[in-house]
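Should a chain be cited, it is by its letter among A, B, C and D, assigned in written order, with residues numbered from 1 in that chain.
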């Protein structure tokens, strides 16, 4: 089996269309950039203030004025543009980002998302996440299906919300789940798992699409 | 007697302090720029999008990309800066303009201002005037005392308001009137006129300052 | 990369009778004149135009107004174009006047996903009619709502082939705001350059906002 | 012309215990480190710091936090500076978390005289607690209020002697917004140039906002 995170990133990458403006969260979502077809012109946004985010620089070639939202040194592509934080979040809130890919602590049947705080344990702050999920045209959650066996896809989130009814799609190592007005629908499944195994790893009610496909790995 | 408009402009200019940011309205107020001491560093704002407005260019030297808010070709001074209209009015509304000088159709005892519309007669639009008088730290009205004998300084404006309680000072060919919480106070008088003449040319109640001075011409 | 450079005709093809169109410029300076001329030629009607002003005769949006193509004009100032007043008097043109700073902020709100902004401008005046007044710490503000459009017609001084735009001097005005607030953004530009020729720091409208680039915009001939 | 260039010591002289200070930068990038160091040396306390984040140890505002000079931190993210959580747990530091886009917009509102803005961000979350919810066309928005400060500490890449500032790449972030929202604005800059050397079109913070210029800010040493 391919590395789980790489597999998830690879599947998410298929959701990106030529010409899209995309914002990738820190961690697993960042890997999505590695699976874009060469002939695609995808513009990556970095919410700290630019469009045209490129790959990490060679060691020793870092530009100290140029970091991404995860505080890593990065590069820009030709045609990039810089702006201030109000414009950056204007781009996000104003629905000019086609897709955002983020991790999650919990997602629920209504597409509600919790990914920024575990009261009493972890209080990092929401950063740009609340704006991103409210503003992006499509919100994809890329994460491992469970937290070491503990359910993350729930009937109802128990952690404080990041936002309500914002998630469009969940991609995990087990499959692809779409959030629809009638609930969660499993549309693709990793052939290493049975539908029962997916159900077991999910607290939320999941419908299985009549067109269920095999997930590419 | 010196030209009335020039005299008014000259007197208004005395209100400007070194380092001030100033926005001058179209017409008479524009002339204020001609009476600034040479050693003063005044920054003039043009609300169509820049700071550092300079004098009119020589004929034939016009730059077609560079107009002021009155649609006249202008120049910029060294150290100027350009920006978009939202930033321009952010500067105005955010109290970053020290003084604005505007004409008026009517001003009243409360410092209410009417200067943008005569219903059924003149409907030019308010342009930037409503923002300027609400946003500038000090609002000076520079105008002739009456409209060919018809009162303009009233107990209460009869024309639609530009804004309420915004005028700080009125400079006319007859004198200088300050708007205070207790009403209008004549602080300077042109020696060509008597106090009675000023009163007669003014519908509003005017108090005469105990420190009444002669207006410079 | 998608090809954004098109002919004038291709560029304005999707604009129809009744379209809501933002037009950049301040008294014509910063208005894409070749797009105005093309719309006059095309002759579509009942347009809703959002522009700072009514310009002056034979300049900018005044061309559309003179040609009776405009149903509604949302602007802050129309005093230098006598045709506006005449058409209003005859009931041919509706004019909605908005304070200039409020107009800028409403367009910005439309482009940046804000539900509205609170401004002190216009409180106690005609502008406040029909609007919600919200009092904060004893001070009154008007709730002003976002403005959006089907099209934004923008004038660039320098535009690269990805659509990154740089505006010279006072041509900038409403252009970058409108470029964020419309479904389709058409830039008529003086100069077209290769991608990378505009310093990424100095890009004023990022290319993601621009759908169509048309070359051939000229400096205004006085 | 007023002389704006001052020494570090002169520049921070008016900053006192309890001052409300906006600090530009995103995870330290774009933060004026020489001003942070000078404040640490000065040792004033009970500061209210408004900054995008808590940076990371030995960088930016983290220096002030580590030195126990901060009473309240208003930020969108504090997860990469463990000291913040520790001081919170001990009750030494109050942290007010604000979504990043809302933080930017609140600072912009403070600087541009808006009474507030309506944002969809945070609706239905902890962020909405105690805030007015306004429904427009069936959609809920939070009314978010302006933020202002006594001081803004800004990092310029290039600054002219009138105070016009140009920011390089991702150092821009909150700097131009904060420069409009504080009573006194101090810029620590890498390069000081003569007036006129920055193209007026590309000025990012107009000089009228800058009260004090301090030279000697260095590129960050990794």
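One rule holds in what follows: a contact is a pair of C-beta atoms (placed from the backbone, for glycine too) under 8 Å apart; a residue touches a chain by one contact, two chains touch by 3 or more.
All figures in this text were calculated on a predicted structure; none of them were measured in a lab.
**Q** If you apply the touch rule, which chains end up adjacent to both chain B and chain C?
**A** D
**Q** Please compute the C-alpha centroid of chain A, do the same for chain C, then give the distance between them in whole Å.
**A** The computed centroid separation for chain A versus chain C comes out at 35 Å.
**Q** Indicate the whole-number Å distance between the mean C-alpha point of chain C and the mean C-alpha point of chain D.
**A** 32
**Q** Find the geometric centre of each of chain A and chain B from their Cα atoms only, then give the gap between the two centres in Å, rounded to an integer.
**A** 55
**Q** What positions in chain B touch 2 or more of the other chains?
**A** Residues 50, 76, 82-83, 86, 89-90, 92-93, 134-135.
**Q** Using the touch rule from the top of the page, what residues of chain D touch 2 or more other chains?
**A** In chain D, residues 105, 108, 113-114, 119-120, 168-169, 172, 200-201 touch at least two other chains, as defined above.
**Q** Following the definition at the start, I'd like every touching pair of chains, please.
**A** Here the touching chain pairs work out to A-C, A-D, B-C, B-D, C-D.
**Q** Hey, which residues of chain C end up touching chain A in the complex?
**A** So the residues of chain C in touch with chain A come to 1-2, 108, 110-114, 160, 162, 164, 180, 195-196, 200-201, 203, 206-209.
**Q** Inside the complex, what are the residues of chain C that reach chain B?
**A** Within the complex, chain C touches chain B at residues 26-29, 52-53, 56, 75-80, 85, 88, 95, 97, 99-105, 107-108, 119-127, 157, 168-177, 204, 219-222.
**Q** Where on chain D is chain C touching in the complex?
**A** Per the stated touch rule, the residues are 105, 109, 113-120, 134, 136, 139, 141, 143, 145, 166-169, 172, 199-202.
**Q** What does chain A use to touch chain C in their complex?
**A** Residues of chain A touching chain C: 18-19, 21, 41, 43, 50-52, 76, 78-83, 86-87, 89-96, 134-135.
**Q** Which residues, counting only chain B, touch chain C once they are in their complex?
**A** 46-50, 62-69, 71, 76, 82-86, 88-90, 92-93, 117, 122-131, 134-135, 160-164
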